Structures are given as structure tokens and as C-alpha cells.
Amino acid sequence: AQAQPLIFAAASLKTALDQAAQQWATTHPPVTISYAGSSQLARQITAGAPADLFISASPQWMDAVDQSGMVTPGSRVNLLGNRLVLIGNGNSTNAATSSIASSLQPVMDGTAFLAMALVDSVPAGQYGKEALTHLGLWDQVASQVAQADNVRAALALVALNEAPLGITYATDAKAEPRVHEIATFPADSHRPIIYPMAALDGGNDPRAAADFAAYLQTPPAQAIFTQQGFTLHPDP
Amino acid sequence: MIDIRLHHPLSGFDLDVSLQAGPGITALYGPSGSGKTTLVNAVAGLLRPRAGRISAGSDLLFDAATGVDQPPHRRNIGYVFQEPRLFPHLNVRANLNYGAKRAHKAAAGPAFDDVVDMLGIAPLLARPTGALSGGERARVSIGRALLSKPRLLLMDEPLAALDPARRAEILPFLERLRDAGLPVIYVSHALPEVTRLADTIALIDTGKLVAAGPAHHILSDPTLAQRLGGAQAGAVLRVTHGGVDDDGLTRLHLGGQSLFLPQSSPDMGHDLRIRIQASDVILSRNRPEGLSALNILTATVTQVQPGDAGRVFVQLTLPQGQILLARITARSAAILQLRSGTPCHAIVKAVAMDRADLSRS
Amino acid sequence: MIDIRLHHPLSGFDLDVSLQAGPGITALYGPSGSGKTTLVNAVAGLLRPRAGRISAGSDLLFDAATGVDQPPHRRNIGYVFQEPRLFPHLNVRANLNYGAKRAHKAAAGPAFDDVVDMLGIAPLLARPTGALSGGERARVSIGRALLSKPRLLLMDEPLAALDPARRAEILPFLERLRDAGLPVIYVSHALPEVTRLADTIALIDTGKLVAAGPAHHILSDPTLAQRLGGAQAGAVLRVTHGGVDDDGLTRLHLGGQSLFLPQSSPDMGHDLRIRIQASDVILSRNRPEGLSALNILTATVTQVQPGDAGRVFVQLTLPQGQILLARITARSAAILQLRSGTPCHAIVKAVAMDRADLSRS
Amino acid sequence: MIELSPLAIAAITLSLQVASVAMIASLPVAIATAWILSRSRWPGLWLLNALVHLPLILPPVVTGYLLLLGFGRNGPVGRLLEPLGITFAFQWTGAALAAAVMGFPLMVRAIRLAIEAVDPKLEEAAATLGAGPVNVFCTITLPLIAPGILAGAIMGFAKAMGEFGATITFVSNIPGRTQTLPSAIYSALQIPGAEQQVVVLCAISVTLAIGAVFLSEWLTRRIARRIGGAL
Amino acid sequence: MIELSPLAIAAITLSLQVASVAMIASLPVAIATAWILSRSRWPGLWLLNALVHLPLILPPVVTGYLLLLGFGRNGPVGRLLEPLGITFAFQWTGAALAAAVMGFPLMVRAIRLAIEAVDPKLEEAAATLGAGPVNVFCTITLPLIAPGILAGAIMGFAKAMGEFGATITFVSNIPGRTQTLPSAIYSALQIPGAEQQVVVLCAISVTLAIGAVFLSEWLTRRIARRIGGAL
């Protein structure tokens, strides 16, 4: 097992990346993937983790790793992108046309909670806060925002209807049958959502890892990602 | 009237006892490990006997057959444990008051100050129990049980840790409680205490009752004298108070004869009893003269019972029918030619009898 | 030779004692709360006295001035505590062996089987200590200390929880240990035990030493008799063994006179001592005849000391200079006109003396 | 001195409030549970015992999720309590509940150990002096296990000061309402380069909890001295 | 029956291994620490006491981060131990270290409570019988505190079975190497709709830990019966 390439990947990639890795393993030696929060993984890499490849959920943490000199020069790419959506509890479809502001009315009234990831620290929360601020809604909803420690936990709050509304990535909304997508936030309302990938210097098996990284950028792998709702080749 | 019938297996043997105790003080006497504490625990409700029935008067405390088993706190029985069991988080005063606070308001019992004085623990009241000597603990534990105003008092070797002077102060107090109507079951290894206090004596050995009955019966039975600890065996005589002489000696009447007690005892009522230790009695065929011993009783030998190691117990009957026990060497018995029917004189030193030997019956 | 000098504040008073103990058995006698346990704890090293110095022979155990303080496990002192302190997680055998295992291989001490037999605890060996009676615990605790082969034995009321028969079996064993050279400090409230065992007696009261010295001195001092518990005071006579008569009585020589002991005692060597309780002695101006009492000694009154409540202590000197104590009523003393210099006869019942009163000196 | 933001101060206040309430409210329940576990015998006991240990065994996130399912606005218990005006969801009370639940096994264990160390002979003695079982418990057992209760309380308090996983999952992180110190610390850890802030917040948390630990040590020693009775 | 994936089985095995090793390895240290805290008096004691409580007070993620800084490959302790062949970073040993550290305060408290309940008179008696302090501790104190040690051990084990935050922060979540049951549960929680898998993993975790709890209860009762000595 020691010889297998070790991939550090943001936890929110698990569903898609597991499928891709499985497909890869049918024709190649398997890879090992460790899922955790991007911040935890980044810190582990700078502390000397023997990982070959890092896929972060935000450019911020990839920058931090880059600055520590662990990234193999020239290997950094923007692997995936995502959309930020407002979601609601239940799988109703008729609400699909509602505007963001009107949907958030109960939150602004103080009668409902809006589930988000931590707005100051977790990327999905940061993007959400940026978007709401851009739309001029943040100040009205801020006191009713229930911040979860990651975007999946925010999703769970909406799924359980503890918070009837939430802001997550489109990929999360797609994967959870108990929620529905109400609206997509305009792409210009927040910084672009990017999942950067880079090879690392501290790994055991850089060649196999490079092969796997290359594979993730091939059409068969990208089909899996788009099926899960990711966007491809995002602009920096 | 405490009626105890119980059967309980112990390691090694079974405890199997049937005993009626009270009114008055019932002494439980027996060697170490014979089952005394176990018996008393069953009465207190701390041990559930395998079989049996325990009642106090008309109140059924335990009955294995019908499943009756009153919990200890409902039995209203005071218990002085063999080890003091003081509450470590309470000071001496709070320990003493623990039972008192929970006693029936209406119940009779000794006053706090009387108990504290009698036990000599007034200077200790504010102390934590951790800072007490062994004997001090024992005294506090006695006081705690007394102040709970029980209807029956169980005392398991309560005075073992105390010096003779202390004992001499506590014993009369117990007698006064007994006289006030409190039945007591008193476990002890000290025969002087037993003979002084007991109205009833129960002898127990390896879980079985060897003998039980009124104290003067048991104590004057020469066949039991050896078992009671030969050196300390002795009979109890019933006497009446005949006044205090000028030099401080108390005169006791015994039918037509007199006994002198070397202490001025107040007239404690008419019916008294005095213990006379068998080894304190000297026998003589002739009436002896010019002795320091003041008490010379005429009597008739009724039984000569061989004891251990060259000694015999001589049972004497006084003219009015009371029984006295003497312990002498077999050689003396032979020289004096003592046999049943021999008339003789019993010499008892006045000093050998103590006020501690005198008590109300 | 144990040399104890210590000063330690207690609640209420200060313990302030200077005492030389041993060889032989040193009895520490005093009322409850007088500081006996505290003193013994200091010797064992369990209590660090505020000031003082304790040494055993040439070995300095404690010295407040130089800061010497040997820890208890290095002192090699056996301690029978006032309460048994058995190890609850070990069975009786393991408790007994705890000290034995840690003793010096070379050290002398009694054998396991002897101790177990003497204490009558053979049936208990496999038992957990939780399932023992009070007296059984006390015996195991004695055995545990004996088997640790100490160079000095501290015993704090070791026999208080035991019946007279058990005591009678344990006392000779202690004497044998003493004879084998083991010094013992023996705390007790029971004067018979003290007079029987003690070579040296230390009387302690509220932390101060009232008197200390050879047992026969202390015991025959009429000024101390009252403090020793009047009823049990008595002198100790040195005698030699004169053989056992056909009827089982042992003859003891006392200068030209004889005493008879109602038990065939084997010749235990030449120098014996016998305790004669003061209240067991009857005095007569004339030589009495025809009594069951076999022992009549001629003596001269040397002191008449008033006791309590109409009683006096009469100090008698025997022809060879030994001292005997008698306790009689003041009335008898007056009738017999006893004063210093009066010749008289002391009558002692043979039965009143027990083999328990006889010991090697 | 480092300037603390108003939100950090709110988090400190809230943490203290949550930890104190969690500790005080769960203490009687913990004492009762410990007593039942150590002194009674009945068939369902093993289940209670297992239940008590659960928060120790499960990852905190799972405990938080279970709390959400049970005590959330749509949970069976939550729906039951809502009409009574008791809501836990997204309230500081929910944070206290989560902290109490997470600290509960620690409290029960400490108290149980103490109960099992009490000499039943003393309780027997109290019974012969007329004290019924409840009376014996209150006047004898309880004072004797005070050191165990204190140890349990302080473990509960310390745990409550550090609890994060269950709390954030159950009541989220609403600054000023449910943002406790650990949530604030976690938040800060997610931002690259915010280590300075993490250190400050940790130092505050540690100082407060250690202060509580010392208070309890001092109390314990006082009690021990009183019980031991040595001069 | 539910089929378990090989990785789930690996997580179960690893968790048991990590929890057992963490518990067994830290027990002697916990006993020594408890003894020092309850029986010795020296100026630095308060610091040790504070240190012991730290993992309880700090959010687990912080503890994990501190471990990473100290025991990681570039940490001062990690670098010191590496030449000796001891590495914690991203190894199961690191998971065991994290679990041990997190369970340590629980262990120490339980054992300390037990030590403080031992009657010093028994230790004195042992000393007069020739046993030196270490000997007294091993032959008297240790057997008497066995119930406390067991309680501490089982709390340590249960905590180790549930520990997540410090573990994933310190040694990551590498399947087959550092992925313990709680990490596996966390991973499963990342997949929406995988609740079934979460429930199964939780059930396994709970079953194992509760089994250990019962084993310890049974042992404790046996010891208590032996010590109490009642028939």
C-alpha cells in the first residue's frame, strides 16, 4: 500500500473523485485518496505529508501550499469549477423561477434560517457572503445565517428542513434528493469558484500521480465531473 | 420482649439461634467468631437471615416465611457497632445529633448533655472525627446510638477500647437506661461487665446457643463456670440495702446475715444484687477470727464440681436458699473434706467486692 | 534499648514524653486520649514529632535537631495497630505473609505455622479479610506483625477485641518472643495483662509521663495503686520453681516461705515472678487455721496508704525484703490496728493466682 | 494587549454561559444516573449504561446529527417541547444541550467511581439511626462523594469549553447566538495565516478552563481536609 | 447481512488497533501522572495539572494541529524521534498518539479519584511491614485502585474509538493507513444519501465500544467482589 500514490483531496469532491478513481483503477494500479477539509490537508502538506497530489476546494489554500514551496513547479492547473446556488427544502420544481431576493424574504423577516458554510473561512460560505453582499442582501439576512462547519453540513440542515433555505454548490444540491435548486447566483456576484490541482514534491510515487492527474483531465473523467454538476476549465 | 429465631449459613458453620431477650439487659457471651455480631446484625436489619423470624413485642421485624422484612431505618433500634463507624464528614457534635434529629419527638431518651458528660466527650464536640483517639471514637459512637432514642439498644463490645475508669462511669448509665425500660442486647467478652449488667445471659458457641437464662442461674451453674472463663466465674446474690455505717461501709442484708461493701452506696432501693467472684471466696470449716476480711457467711456445700488444673468449683447454698460459688484447689477441698451437705463458712473480702459489683435488680 | 524523647502538640494538650524502653516488655498504660497511640506512631515513623529524638540501640531513628528521620519501612519495627488495618484485596494468608516476604532472610522470628496455631486462625487462611469477625481481624493483624520479624514490636491494645481464653493463649507466646530477645512496647488498658507481661511500666496521662520504671516498683507503689485502677492493683513477687506436687499444685519458693499455684506448671527456669492482686490478699494478726486458702505468708506492715471510699492499701515487706500490696477496708485496718512495723500474716488464695499470673522474669 | 473583536468577546461570554449551564443542569442528572448505575440492579441497566457512554464513542459530528434529528425543530422531541416554549435549534440552549450531552459520560464516570468508593458500613450506620435511603444519600453519600462530584463537574465544564463537533452540527455557528469559543477557533483555523488569532482564542479558552480546574482543586482540597480531619 | 467494503473492514481493524494501543500505552503514563498529581507537592505541579487537562479544553482540531506541529516530520519532536525509527506522521501510530492524548485527561481523572480514595492507613501499615514507597504502590495502592484504572482504561478506549477531530488533523484520513472508524464515518457523511453506510459504521463502532464497556464492568465487579469479600 505504501507504493500507491497518495492523493489529498477536499472532502466535497468525494462522490465524484471516488467514481473517477474507481474507473482509473480498472486499467491502472489504484490510488489512495485522503479526504479532509482543504485547510487541514494544506497544513498537513506543509508539515511534510507524503502526498503526491493535492486537489483543493479553494485557490487560497493552494496558494498557501505553493508559497511553502511544496508544489512541483508548473504542475498547478485549475481542474474544476462550480456554481453557487440557493437551495430549498423538498424536491418541488415550481419554485425554480423565483428570484433570489423574493425567496430569501422569510429569512429577511427573521422567520427562517439560511444555512451556509462558515462565511468567513469556508470557501462556499465566503462565496455566498460575497454574492449576497453584491446583491445587497447580506445585511438583511446576516443575523439569520446558520453557519455550518462545511458545505455538506449546511446541505444537511436544509435536507432536514431545520433551515428551509441554504446556499451550497450546485454539485451538492444535485446529489441530495431532499433539496431543490431555487436559483443560481450570477457568476459575477462572487469570485470564480475554482478547484485547483497540483503535484507535490513530498510524495512517494510522482510518476503514477502525474499519470492520474493527467487522467483526471481526460474526457472520461470529465464526464463524471460534469455529471455531478461540476464545470470544467474554469477561468482564473 | 425481643423474640429471635434465625438460621443463617456462615463460612465454616451455620448460625442457628432461638433466643428471647428482655426486658432488661441480655448479655451475649461467646468466643471470637462464634456469631455474635452476625446475630445482632440480623436484629438490626443489616443482614437478612436465610430463615427465621424476629419480633420486638407485637412488632414483627422479620419473617422469612411471609417475606416481612422491615428496613433498618424503620426498626428504631440503636446499634453501637463493634467498630465505631463515625461519619467522617461530620464533627463530633453532628455525629451525636445525627440520630437524635431523626428520633420521634415523643420518644423518651437521655438528654444530650447527660450523655456527653457521662462519656467525657464535652471537649471533643467541635472536633472532626478524624482527630480522635481510638477510645474517643468508641465513646462518640456509644453516645450517637444512645441519643437516637431507640426502643431497643444493640451494643457490640462497646467498652472494649476503654480504660477501667471510663467503663466504671458508663456502666451505671446503662443501668439507669435499663431501669427506665430500655431493653439492651449487650455483646461482651468481659465477664465482669456481663455479670454486673446482665439480667439474662446467652452463651453462644460456633453459632449455637449453649445456654440461656436469668443471669443468676447461669452464673451460679458450676457446669458452665469453666466455659464462662473459670477465673472470672461467680454467683450473684440478691440483697437489700441496710444503711451506710459511720466509717463509710455499706451494710447489705442477706437473710439474717450481713455483707459489707467498702463504699458508701446510697440506698438504691430494696432489691439489689451483688456479684461475688468464685475465686474471691475462701472456705473454712470453723468460723475464723482476727481476719481483715469482714464478710463471713455460713452455708452448706451442695455440689463439688471438678474444674481445670487442680481446681474445683464448690456450690454453696445459703440458709435462705441462695446460691454462692467458690473456686478452690482440689487439695484444699480434700483437706477440708468438702462434700455435698458439709456445713462451712465462706469468707469474702469486702474489698474484693466493688460498687461496680453491686447493681439494682 | 529504645530511647524516646519527644514533644508534639495535640489538640487540647502537648505530648511531652521522655522514656527508655526495653529490653523486655514495656507497658504503656493510661486513660483514653492520653497520647499512647500518638507516642507509638512516632516510634514507628508514621508521625513526625515537632521536636525530639528517637533511637533504637545505636540506630538513630529520628532527630529533629539534625533532621534525621528514617522512613517507616527502614525502621524494621513491627506494629499491631489499634484497628486491624488488614489489606482488603489480600486473603488472610497473603496478609500474614506480607511482612514475612519483606523481612531480612537472616532475621529471627517465629515460624508461620506456630503463629497461625497460636492465634487459632488456621481455618481462616484462605478467606478474604472482608469475611472475618472483629476478633478474627485482630488476630490476623497480630500475626502479620509478628511474622515480619521486627527488631522491636509495637502493640496498641492488641487483645482488646478478644475473649479471655484467646488472650490466655496469646500471652505466653508474647513472653516467649520477649525471652528470645524481642523488645515490645505494649499499650493496654487491661491491668492484668500489663502486670503479667510488663518488665517496665510507663504511666501516661494527658501527654505527660506520670511514672515509669521496673514493673515491680510501679506495681507495689501504693501511691500509684489508685491510678493503676484500684481494683486491679497488685505487687509482683520474684519466686523460684520448687517442683510440682502429686495433686498437681506447683510449689513456688519465696525465701523460706512457700506459695502454691493451682496448676502444674513445668519448671520454667529459676527466676519467675508472680503477680498477687492487692484485693486478693487477706491480712490476719494471728496465723489462721483450717482455711481453704493454702498460702499464708508472714510479713511486716511498712506503709498504710488511704485509698478511695473506705479502703486502704497496705504495703507489706516480706522477710527477704520483697514487697506485697494488700487492699483492705479502713475498718479492718482499724480493727487489726495495722501500722508501720506491725507483724502480720498475708493470706492469698491459691486459686486467686492463675498460671496467667506467673511468668519468667 | 491584543484587541478582541466584539464577536470574540461575545463568543467568550457565550462559551462561559454554555459551559456553566451545561455543567450545572446536567450535574443532578449525572448524579442520579451514577447512583442508579452503581447501586441498583434491574434488567435494563445495561442499556442505560450503554446510552451514557454513547457520546464518548460516537464521533461528535454524529452525536450532533442525532441531536439535530431528535431535538431539532422537526425532531420528535423538538416538536414536543416547542409548544412549551423550549427550543434548542439554533439557540444557545442547544449549544448547552450539546455540551451537556458530550460531557455527560465523563461526569457520570467520575461520580460513579466516587459512589462505589463510599463505605456501605457508614450508610448502614445512618440507617440504624433512622435515616431512610434518600435521607442517607443526601446526608452521608452525597457529602462523601463531593470530591467525585467536583471532579465530574470540572471535567464536564472543561469538555463544554472545548466541545465543537456536536455543537456546530446541532446549532450551527451564529455569531453572538451560538458561536462558542471553539467555533470561533475553528473558523479562524480555516483562514490561511490566521494562526495569530487562533492562538489568542485558544489562550483565552485555556485560561478560563484552567482557572475552573484550579477552583475545583482548591475546593476538593478543602473538602478532603474537612473529611480527613487531620490538623 | 450488510456487506462491508474492504476499506470499512480496514477501518474497523485499524480503530481497534489504534484504540487498544492508545489505551495500553498511555495507561502507565496516566497512572504515574495521577499518582504525581494526587500524592506529591512541588511548585510545577499546577503546570502539569493544566497540561493534562488541555486536550479536554481545546477543540480537538487544535490539539491535532499542535500534534502536527510537534510530532510531524518537520516538528521538533518528530525530527528527534525519526532517527530512532519512530514516526507518527501519517502512520497508524500517529492516530494512536492522537487518541491517547485525547483520552489522557479522562484516564488521569478516573485514576486520580481512585488514588485519593485509598485509605493512607493501609499504606502506612504496609510501610511498617517493610515495603518501600514503590513497593507499597505496586502491592497495595495499585490493586486497590484497580476499579479506577479499569474505569480510566475504558474511558480512554471509548474515547479512542470515537476520536476524530485530532486524528484527521494530525494524520489525515488515508484509507487503510490512518482511516479509523470515525474518519470513515466522516468520509461517508460527505456523500449525500449515504446515511445507510453511516448508520452501519456507527453501529459497528458502538457495538465494539459497548462490548469493551461491558467487559470492563464485568472485570470491575469481579475485583469489587474480591476486595469486598462478602460471600
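The chains carry the letters A, B, C, D and E, assigned in the order they are written, with residues numbered from 1 in each.
Just so we're on the same page, a contact is a pair of C-beta atoms (placed from the backbone, for glycine too) under 8 Å apart; a residue touches a chain by one contact, two chains touch by 3 or more.
In this text, all values refer to a predicted model and were calculated from it rather than measured experimentally.
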Least step count from subunit A to subunit B, where 1 means the two chains touch: 2
Intersection of the contact lists for subunit C and subunit D: B, E
Chain pair whose interface holds the most contacting C-beta pairs: B-C
Distance between the centres, which are taken as Cα means, of subunit C and subunit A, whole angstrom: 91
Geometric centre distance via CA averages, subunit E-subunit D, whole Å: 20
Mean-CA-position distance for subunit E and subunit A (Å): 35
Inter-chain centre distance, subunit B versus subunit C - centres from mean C-alpha coordinates, in Å: 26
Residue numbers of subunit E (touch at least two other chains): 61, 65, 186, 189, 231
Numbers and ranges of subunit B residues touching at least 2 other chains: 11, 83, 127, 131
Junction residues of subunit A, two or more chains touched: none
Complex contact set, residues of subunit D against subunit E: 46, 49-50, 53-54, 56-62, 65, 105-106, 109-110, 112-114, 116-117, 147-148, 151, 155, 158-159, 161-165, 182, 185-186, 189, 198, 202, 205-206, 209-210, 213-214, 217, 224
Of subunit E, residues touching subunit C in the complex: 121-122, 124-133, 135-136, 139-140, 143-144, 146, 226-231
Complex interface listing, subunit B residues touching subunit D: 44-46, 71-73, 75-79, 81, 83, 85, 87-89, 98-99, 102-103, 127-131, 144-145, 148
Residue ranges of subunit A in contact with subunit D within the complex: 37, 39, 42, 60-61, 63-64, 113, 115, 118, 120-122, 143, 145-149, 153, 156-157, 160-162
Sites on subunit B touched by subunit C in the complex: 11-12, 30-33, 36-37, 82-83, 123, 127, 131-136, 138-139, 156-157, 160-166, 189, 191, 229, 231-232, 245, 247-249, 260, 262-264, 279-280, 282-286, 288-294, 308-311, 326-336, 347, 349-352, 354-356
